[in-house]
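Common to both upcoming complexes is chain A, partnered first by chain B, then by chain C.
Coming up: the complex of A and B.
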């Protein structure tokens, strides 16, 4: 059997696995677990087999369902089209699923009715895989719908736990709004272009910007942004990541929001081919920068382990959106690299949070502490993940974040835009705050003093540690051999993103793209350097200047009256002596109390925004849609 | 469907109406499914028609009887079976060398019930899945609606 059939068999295998779990799974937990693991492993093998022809050799698979190939240049059937970009994301998806089902073997032991869990999980995986492999916008919408509703089901899976149903409801409302907008955008495109095939749409839309297509772009961009949880739409993400079973949180952050990112890349680069426009770059990078900043500052204020990780997940997606919004080859490479790395390290961190939850029964940072002696292996994995996300040199986060900075800075230098220089600064500052936040988590969970209730904590079983070890190893390997990853995976995927003609020609016949006037963005391979002494010198100067500014501006408060329990409220008093109790557990979650106090205005503003009322969140989606629509209408014509 | 003695009904007119329309709803839905590939309608529409029969039972006899008369667990399992049949029919083409969903079973005259080949059976699979799936959904929703009614009756 030729490998062209593998993508569709992979998607159908996941759906079949889901149905088998639904039919036979009730009261047969072991059967469900076996089906889950075998299915995920089989699909992983299938996708790994198409990586060589598609990613390494640069072939594009075009697959028409029921052999309905185009007639007279019109695509009438549903087609799957797998280029290097799709295969790259497919690899991320199947890897995440495999890790998640291995982890679930023991992690889901304490839940009942787990056949529902496996049905939903496999169905969601199948839909996300279908989304990244399909070449048809309506098929993409169907997959987005399946993804949204299974994700809602999985969010509410532990519906006895606090807030699960509420999170599910928020997700349902906001996710449905996103789906509806996407559908409306697709309907407008169909009305204008009379086709749903992405390749053909791309060739029709390239020199044909009408008010309808601009509105369709605005609707689809907003709708897919909801799926990627960029900032005005991020509120349900934080809730659902926190209350879903951790193996599902890992899948959400590893592949569900990557599906949104993939769809945005496909939309702005291939379908509308608009990334050469400055207005589009500014819009995407602005969304990305706001997402980064809001995500990380909200994370600093959290007291729940998983909720904190959820906000970091949002923040890291901001990096990806910023990088792909730069529109340069290096930017796209950086975005894809950071998407891959985010899957690895954020998955790892979520699995560690799940291990802590499994071992202690809580994720509240105020109640945890000193687990490094009880769970040394989990601690090591967590440190690897924390170093990666904070951008420490040997790990993968450093490599991709460095690429993001470099791409943004090059953009600023090339065009002389102060705006992109500002974006670079935001990216660096956010990275520093990420590190700060992870110092806090590490201190609160794994170091410090162990509360008396947690004295009997034990290390988690091997099947839960195995995915953690695999992902830790990959974090390190990808960071060390970044050149290899760049050459074999990122460069082909970047090439696929920037050269729409190959994508169109393979699907619609040779010469189709040229006839429609689609042009490739000719790119030099992305070049990036890590150990340039000059950059390091500049970095040191910048850091020195920053430290000097902080010291100089802080002069006023020197010698001021020390704030003690007597003259401020008790919240900030934990760090000072003079308390009645001889034993005071210095809670790590308040490690940055000074920072929080200085930024009180900002945090109370953000607190008001995250009101927990679904109507407010829906309003934010509508406001963002209005802004995006106006922006496109003003600048895109 | 077995009818036991002593079943309480709310209203004799509604019960008789439901009784008389129930077979027609089911037969009409079945016809729409069976001729789905050659006539207007199809698996989805016919499936919804059949599933609507569950509402008639509810209208005539109330939630409790509707729940007793229909085995929800059996319906849930059968929904999965319908989906599996569809995927297997579509996958047959792959193992015969064509693309996914290709029409491999070609027989019957044009206009026949079976003229669609694979599509006919796919339509049946969709119909089966929808009549079980939507039926399950309706019963679930009616179960929630009826929760208050039963309390009132007990009072």
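Coming up: the complex of A and C.
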């Protein structure tokens, strides 16, 4: 039974590693690197050991700090509680950290003072791990705060580079607003329930929807949404992913926003048990759909490799939020599966971007090109990642995106809601745009002509390629053996999400949940199939609808006066005028200029929203809070 | 009796958010963050306060006999948990302010301004 101690030891080990780096690491770069790798590997082993009892066998570990177990049904101490959901996310976290520290060995060797880097990275990892394993809302808040401030530090780590400080400051302001809202929500919950333990809160809140708890839900949902970077809180995320060292961007995208997603799942499914309400489903799927659409369209307009990937990361989180917002077993499974896959392929893509940055010194798409001959191995890894994110079979992105479509469509058929059919169409269209965007990146970076400055580019060292190979292999394996992953990892985690009773009973004693009146939302196992003919038919209908939308949006320009070299931007003149400007050319990074031109109104609108002024971003947070509060107050009665 | 505290904390939070949204000076934005924090802290500490309550030194029989937790409705001691939370939150708030101000110093060195309208290299 010794494995009950492993989760707490894992969290402590990461913090301890951070302190060792901070105290002894100055001028000892090798020591820091060794501590980082060994610590991450040790923690990975610890979490891997609890996977069998918790995820495979369905046991729930409860751990009271200092053995302060509940007295007379009241939780007083701080408890850690690890169910299949927490262990699933913990596995994602430790895997991401391990990949990141292996990659950092060579990637960070051109920076000064890397003991600071390792201190912050290990501390952030520890906080995210603590966040997914804890069973106490205030402990969760502390972990969120540590996560936010180490993330700010890491964003600013290369503080002489372009925009790093600016991104860090914006992240700090928005992130700290989110934390304050979460704290206010927690305080309101405490005022109503007199406890901070999640299991007990869940059992008290289930039949007690008061104005206080509704306001607390709104505040916590907004605060945690900031941590998951859903639109409209995504602007600082795009900045910080782009300017942070790439090994950190990968960690941000792989686990920091997963921590937000995890917290939202915990909040809406376990703590408030509200996902059977239609209004809640509509709100979450609306946030998800907007997030994925805004993310992908902003990505199409980017000219920086890492910033583009950052917007894709936001877009993929939209899929996850949409799927978990559906409230069905299949939806939750799809959301968790996509969260896992997002960690794999987006981490891989960020590592490839880092490899390009390491080899060439730039991530500007207009300056890159033709690297496939110079860096063939990186190119292969990048293609695997690009196929995965664009949803090509047999890679993992296909399997999870298919599940998202299927879940959304089943929801639409079940309830006869046109709204969820619309969500399905948005998801498919976004996937198409993702593919388009990755065609652009692949063309701009790896194919096409190689600029003269990049002729001496060399492949990156082995220790940087190793994590890339591991993640590529996992992208393929998870895509091929999706049934295995579903049976052993996703199904237990989905069960944990939908069955709050087990979570409460383990922590507070048997029968506690039943006494409080907590019921399971549903226990139907997630059954899904990729090759059902009916679903194919549905796919065709949906694709047809998507094509129709695209055609209809282009209707305006049909029959219009043909643009000539005189009335169009000189850059594109070769397409219309011929000789007017013989030396202009459309570069790989501008492959979809026609699309951008057609949607000029939308893009300039989005450009104004992403104004770069921190006050505007803060305003969006407050506006979103107001909308969410009003929504809950109207519909949660 | 505690209403005035709740109203004051709400005013502080709103004032802080208004400062963050409205003020174009980086330092004032940081001050806004601080004011939001103080509002939240005041709220938490008010939640746990009982008028006329004593220090929270008690045995389990005392708590069983008097505490609101066990349905007896008595207000015999001040809830210590929110005070612990507030202390933690104050410490975190101080760290936020320190970190944000140090970033402002660095930003001023790079951009030669503290106006948020001019610190927008990353946009679009």
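We adopt the following convention: the second predicted complex is superposed on the first by the 587 of 637 C-alpha atoms of A that agree within 3 Å, B and C clash if a C-alpha of one lies under 4 Å from a C-alpha of the other, contacts with A are read in each partner's own complex, and residues count from 1 in each chain.
Please note the rule applied: a contact is a pair of C-beta atoms (placed from the backbone, for glycine too) under 8 Å apart; a residue touches a chain by one contact, two chains touch by 3 or more.
Predicted model only: the values in this text are computed from it and were never measured.
In the superposed model, A:67 lies in contact with chain B only, and not with chain C. Of the two partner chains placed around the shared chain by superposition, neither chain B nor chain C is touched by A:547. Using the contact criterion defined above for the overlaid structures, shared-chain residue A:19 touches chain B, although it does not reach chain C. Within the superposed three-chain model, A:634 lies out of touch with both chain B and chain C [touch as defined at top].
When the two structures are aligned on the shared chain, A:159 is found in touch with chain C, with no touch to chain B. Chain A is touched at more residues by one of its partners, and among chain B and chain C that partner is C.
Once the two complexes are overlaid on the shared chain, A:34 sits clear of chain B and of chain C alike.
In the superposition on chain A, A:8 makes contact with chain B only, not with chain C. The residues of chain B lying in touch with chain A in their complex are 73, 76-77, 79-81, 83-84, 87, 90-91, 93-94, 98-103. Put simply, chain A touches chain B in their complex at residues 1, 5, 8-9, 12, 15-16, 19-20, 22-23, 26, 63-67. Contacts from chain A toward chain C in the complex involve residues 71-72, 74, 138, 142, 145, 149, 152-153, 156, 159, 162-163, 165-170, 172-173, 176-177, 179-180, 183-184, 187, 190-191, 194, 196, 238-239, 242-243, 301, 607, 610-615, 618-619, 622. Within the complex formed with chain A, the residues of chain C that make contact are 13, 17, 20-24, 26, 29, 33, 36-37, 40, 43-44, 47, 60, 64, 68-70, 79, 81-82, 85, 88-89, 92, 95-96, 99-100, 103-104, 106-107, 110-111, 116-117, 119-124.
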